[in-house]
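So, here come the structures, one by one.
What follows is a pair of complexes built around chain A, which joins chain B in one and chain C in the other.
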Partner chain A sequence: MRPATVLGVLAIAALLVAPLVLPVFAMTLLTELVILGLFAMSLDLMVGYTRLISFGHVAAYGLGAYASGFFLLNTEMPLIVAVLAAAAMTGVLAIGIGWICTLATGVSFSMLTLAFAQLLYAIAFKWTSVTGGSDGLAGIPRRPGPFGFDLFSSKTGFYFLALGCLLGSYLLCRALVNSPFGAVLRGIRENEAKTLSLGYNTRLYKIAVVAVAYAFGALAGALYSPFAGFANTELLFWLLSGQVLIMVIVGGSGTLIGPILGAAFFMLLEHQLSSYTEAWALFFGLVFIAFVLFAPEGIWGLARSWFGRSQPAETKATGNPS
Partner chain B sequence: MTLPAMAASIVTPGGARPLLALNGLTKRYGGLIAVNNVTMSVADGEVRAVIGPNGAGKTTLFHTITGVVKPTSGTVHFDGESITGLPAHTICQKGLSRTFQITSLFPQMSSRENIMLAAQARNPSRWLPWGGTGVFSRAREDADAVLEQLGLAPVAERPAGLLSHGDQRLLEVAMAMAQSPKVLLLDEPTQGLSVEETGQAVETLARFLAASRVTVLLVEHDMEVVFRLADKITVLHRGAVIADGTPDAVKANPSVQEAYLGGME
Partner chain C sequence: MSELALLLNQSVNALSQAALLFFLGVGLTLIFGIMRIINFAHGTLYMLGAFVGYSIVHATGSFWVALVLAPVVVGVLGLLFELFILRRLYQREAHAFLMVTFGLALVTGEAIRLIWGSDALQVPAPPALSGVIFLLDEPFPVYRLFLASSGIVVAIAIWQILERTRLGLLIRATSQNAEMVHALGVDVNLVRSGVFGIGCGLAALGGVLAAPLVTASHGMAATAVIDAFVIVIIGGMGSFLGSLIGAVLVAFVQVFGNYYYPDLALAFMYLVMLTVLIVRPGGLLGKEA
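Here is the complex of A and B:
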C-alpha cells in the first residue's frame, strides 16, 4: 500500500475510535471540525477544480442550516431525512444562483456570489415567520427515525452521522473530479476559452459544479443546526465565506483532502490562540500570509512533498503566452 | 436541396460540393469594418488559405466563422446548414475544429492530457460525473494516434506549458485533429516561429494534411507557408476579398501585387 493509503486508513480508524478516548468537550470540537471540513471541501470543487472563486459560499451553509432547522421544527421528518432534504433543496436552488452568477466571470462572478449570500442574510432577518428573524431558529431537535432508529440522536451518534456524511461526500467528490466531467472542470480552470472552443458548453459545466458545491456545502450547514440546536443569521454572515476560503487555500486547493485539513487547522488554531489573546485573528492573518507566500500548495501540498509523492504539478509550467 | 445549399453551390459553379460557404459576411466594430462583405467557399477536401497583410481582417473572419464573435450581417453555411451566430461550442460540435493565432493550451496538463480533453469532447458520455474509464481509454487511443502522426510522441508526458513554441503550435493542431473534424481551421499555424522552426513545422503539417485529407481553411500571412500548403487561395485586403483562385493565378493577379507591394504605404 502507498503511504497515503496507510495514512488515510489510520486517520479514519482514529476518527472512528475517537469517541471512546476523547472527553466530551473534545468530541464537540471534533464534530464541529468534521462539519466545517465538509463545508470547506465543498468549496474546493469550485475554487480548486474550476477556479470559480466564491465570496459567498456561506449562502450554501446558511441555506442548509435554516432548511434542516425548519424541517425539524415544523415537520415530522427524522433527522437524517431533514438533513438530506435540505442539501437537495439547496442544490436545486443553486442551479438558479449558478445560472445568474455565471453570467459574469472573474471578480464579477465572485461579487455576484457575495451578493446572493448578502441577499439571503437580509431575507433571514426579515422573513420572521420562517427564519425567526434576528432570534433565529432555536430548540432544533435531533428527531430519531425512520423506523425508530435513534442512534443519531445522541451526541456520539450524531458525530458518526457527521463523519459518515464527510466520508461519503469525499468519495462522491473524488469520483466527480476524476470523471470525464471533472476533466472538463480542470480544462475550464486552466483555459476556459480553449475549453469552449473544443466544443464544451462551459457555462453549463460551471452551473452544474456550483449546484453540486452548494449541495455539499448545504449538507454541512444542515448538520450544523441540529448539532448546535439553533440556526441564526451568523450562519449567513459574510465573515464565514471569507474564513472558508482561507481554509481551502491554507489546506491546499484542488485536493479535496487539503481543505478538510485546512478547516481543522483553522479551528484548532482559533481555539488555541483565542485562549491567549483577543487578537487571534491578527495572528491567523499572519499565518495565512505566510502560506500564500511560502506554501501556496497548502498543508496537504507540504505533506505530500514530505512523503515524497509530490505530483508533476511541482514542475509547474509557467511560460504560456495565453 | 435546401435553399442555402443551392446558394452555396452557385458560389463554386462546377467545383466540388462546398463544405463551408460564407455569403456577404460582415463584421463592424463601430466605424471600423473588420470583415467587409466576404463571399467565399471551401470545397470538400480542399486546403484553402486566406491571405492578406496584417490587419486585413483574417483573424476576425475566423472568429466570425467559429462563433467567437457574432457577424454584423451575412451568413455562414456548413454542410448546407446555417451556423451563423451559433455559440462557439455548438459550431465545434458540428465538426469545425480550430486553432488559435496566439497559442491556447492547458499549460499544466501534459501534451497527451491536452489532446485527450479535445478528443473527449466528441464522446456522448463526456458529461459522465463518475467513472469514465471507457471515455478516457478511447480518448487516450485517439490522443496517442495523433501524437504519433505529428511527431509529438516524445513529449507526450511533458506539461504543455514547457514545450518548445514549435511543438506547442503542433500540439494545437493535434488537439483539433483528435476531434476528427470535417473542417480544420488553422489560424496562422507558424505564428511566432523562427524561419527554421517554420520550415520544419510546415513540412510536418504538409505531410499530415496530405495523409488525413481533411478539409482545411488556413489563415496565414507567410507566403511561403501558404504556397506550400494550399490548393486554393482567397486574398483579403482591408476586410474585403480582392482575389480568389489557384496559387499561380493569385500570384499573377495585379491587384494582389498592388495590395502586397504597392499597397504598403
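Here is the complex of A and C:
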C-alpha cells in the first residue's frame, strides 16, 4: 500500500473510534468540523477542478440548512430523509442558478454567485412565514426513523451520520473528478476555449458542476441545522462564503482532501485562538496573510512536500484512479 | 407634507447616500481597474476612516481637520500594505489577493476593536452643518445637503484628475495595458501603490463623512463592503463613470425602496444587480467579461 493510503485508513479509523475516547465538547467540535469539511470539499469541485470561483457558496449551505429545518419542523420526515431531500432540492434549484451564473465568466461569475447568495439572504430575512425572519428556525428536531431506526438522533449517532455523509460524498466526488466528466472539467479549468473547440458544450458542464457542488454543499447545510437545532440568516451571510473559499485555498484547492483539512485548520485555529485571546481574529488574519505569502500550495501542498512527493497538485488530482 | 416636498426630501436623502456609496465604490473600482484585484478590506477601511475621524475630532475639536487627516492616515496605511504585501503577489492568481485582503479585513477590524473598544461612537457634525434649512416650507437636514454636494464636488474632481492630469493619464493607461506603460518607462508599481492608497483614502473619506450620520460602529464594515461590491458590479468593474451611476442607482433603490416597500427593499438592490448582470454580464459600463 502507498503511504497515502495507509494514512487515509488510519485517519478514518481514528475518526471512527473518536466518540469512544473524546469528551462530549470535543465531539461537538468534531461533528461541526466534519460538516464544514464537507461544505469546503463541495466548493472544491467548482474552485479547484473547474476554476469557477464562487463568492456565494453559502447559498448552497443556507438553502440546505433552511430546507432540512423546514422539513423537520413542518413534515413528518425522518432526519435522514429530510437531509437528503434538502440536498436534492438544492441541487435541482442550482441548475437554474448555474444557468444564469454561467452567462458570465471570471470575476462576473463570482459576483453573480454572490448576488444570488445575497438575494437568498434578503429573502430569508423577510419571508418570515417560512424562514422565521431574523429569528430563524429554532427547535429543529432530529426525528428518528424510518422503520423505528433511531441511531442518528443521539449526539454520537449524529456524528456517525455526518461522518458517513462526508466519506460517501468524498468517494462520489473522487469518482466524479476521475471520470471523463472530470477530465472535461479540468479541460475547462486549463483552457475553456480549447475544450469548447474540441466539441464539448462547456456551458452545460459548468452548469452540471454547479448543481453537483450545490447539492453537496446543501448536504452539509442540511446536516448543520439539525446538528445545531436552528437555522438562521448567519448561515446565508456572505462572510461565510469568504471563509469557505479560504478553507479551500488554505487547505489546497483541486485535491478534495485539502479543503477538508483547510476546514479543520480554520475551525481549530479559531477555537484555540479564541480560548487564549479576545483578539483572536487579529492573529487569524495574520495567519492567512502568512499562508498566502509563504505556503501558496496550502496545507495539502505542504504535507506533500514533507512526504517528499513534490509533484504538482495536478498529477495527484488527474492521476491514476488506483 | 406635500407630495413634491416628500419626493424632494427623499431625493436629498438618496443623493447623500449616493455620495457615501460613491466614495466607497470609486476606490474599489479604481483599484480593480489598475490591479485587477478585489479588495475585500474596503469596508473595513471605510470603518477605520470613521474611527480615526472620531479620534481626530476629539483631539483637535475640529471635524474639518478630521475630514482631511483621516483619509490621509488610512491612505498611507493602504500604501504600506501595497508596498509590503500586495506587491509580492502580482505574479500570482486572483485567489491570493482575495485571501490577503480578507486577512487584512480581519486584522484591521480586530485592531479597531482593541483600540477603540466595541461600542458605537458618536461623532458630532460641525455646528455649521447641524440643523435644518427650509425649502418649500419643508425642513431639510443641512448635513445631508452637505453630503450630497460633497459627493458631486469629489466626483467632478476625480473625473477632472482622470481626464486632465498626467496622473490620470497614467492611471487610465495602466488599467488598459500595464505592460505597455511599463515598457514606455513608467514605474507601474508606483502607480499601483498610489492608486491603492488613494482608493483606501477615498473609502476612509466616506467613513468620516458617514460617522455623524450613523455613528462609528463595528457593523459598518460588512454593509459597506457588500454595498461597494454591488455598486461596482452594476457599474462595471474598473469604470469610473460606472461606479458613479451604480452609486446613484443603488442609493435611490435603497432609499425609495425603504420608504415605499420596506419589506422588499433589501431584495430590490440584489434584483437590480442580477438584472444588470444578466443583460450585461460585465456591468453597465464594463468591458464584456
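Assorted remarks:
Going forward, the second predicted complex is superposed on the first by the 310 of 322 C-alpha atoms of A that agree within 3 Å, B and C clash if a C-alpha of one lies under 4 Å from a C-alpha of the other, contacts with A are read in each partner's own complex, and residues count from 1 in each chain.
Here is the rule we go by: a residue touches a chain if its C-beta (ideal position, glycine included) is under 8 Å from a C-beta of that chain, and two chains touch if they have at least 3 such contacts.
Bear in mind the structure is a predicted one, so any value in this text is a computation, not a measurement.
By the touch criterion defined above, A:Ser179 lies against chain B but remains apart from chain C after alignment on the C-alpha atoms of chain A.
In the overlay built on the shared chain, the residue A:Gly199 is in contact with chain B alone; chain C does not reach it. Of the two partner chains, chain C is the only one touched by A:Leu114; chain B is not. In the superposed model, A:Pro23 lies in contact with neither chain B nor chain C.
In the superposed pair of complexes, A:Gly139 makes contact with neither chain B nor chain C. Of the two partner chains placed around the shared chain by superposition, chain C is the only one that A:Phe125 touches, whereas chain B remains out of contact. After overlaying the two complexes on the shared chain, residue contacts for A:Glu190 are found with chain B alone; chain C is out of touch.
In the superposed three-chain model, the partner touching more residues of chain A is C, compared with the other of chain B and chain C. Once both structures are placed on chain A, no chain A residue is touched by chain B and, in the other complex, by chain C. Chain B contributes residues 66, 68, 87-90, 92-93, 97-98, 100, 102-110, 113, 116-118, 120-123, 125-132, 135-136, 159-162, 175, 179 to its touches with chain A in the complex.
Contact residues of chain A toward chain B in the complex are 175-176, 178-184, 186-187, 190-191, 193-202, 312-313, 315-322. On the chain C side of its complex with chain A, the touching residues are 38, 40, 85, 88-89, 92, 94-96, 98-100, 102-111, 113-114, 222, 226, 229-230, 233, 237, 263-264, 266-267, 269-271, 273-274, 277-278, 281-283, 286, 289.
Within the complex formed with chain C, the chain A residues making contact are 53, 100, 103-109, 111-112, 114-116, 118-119, 121-123, 125-126, 238-239, 242, 245-246, 249-250, 253, 279-282, 284-289, 291-293, 296.
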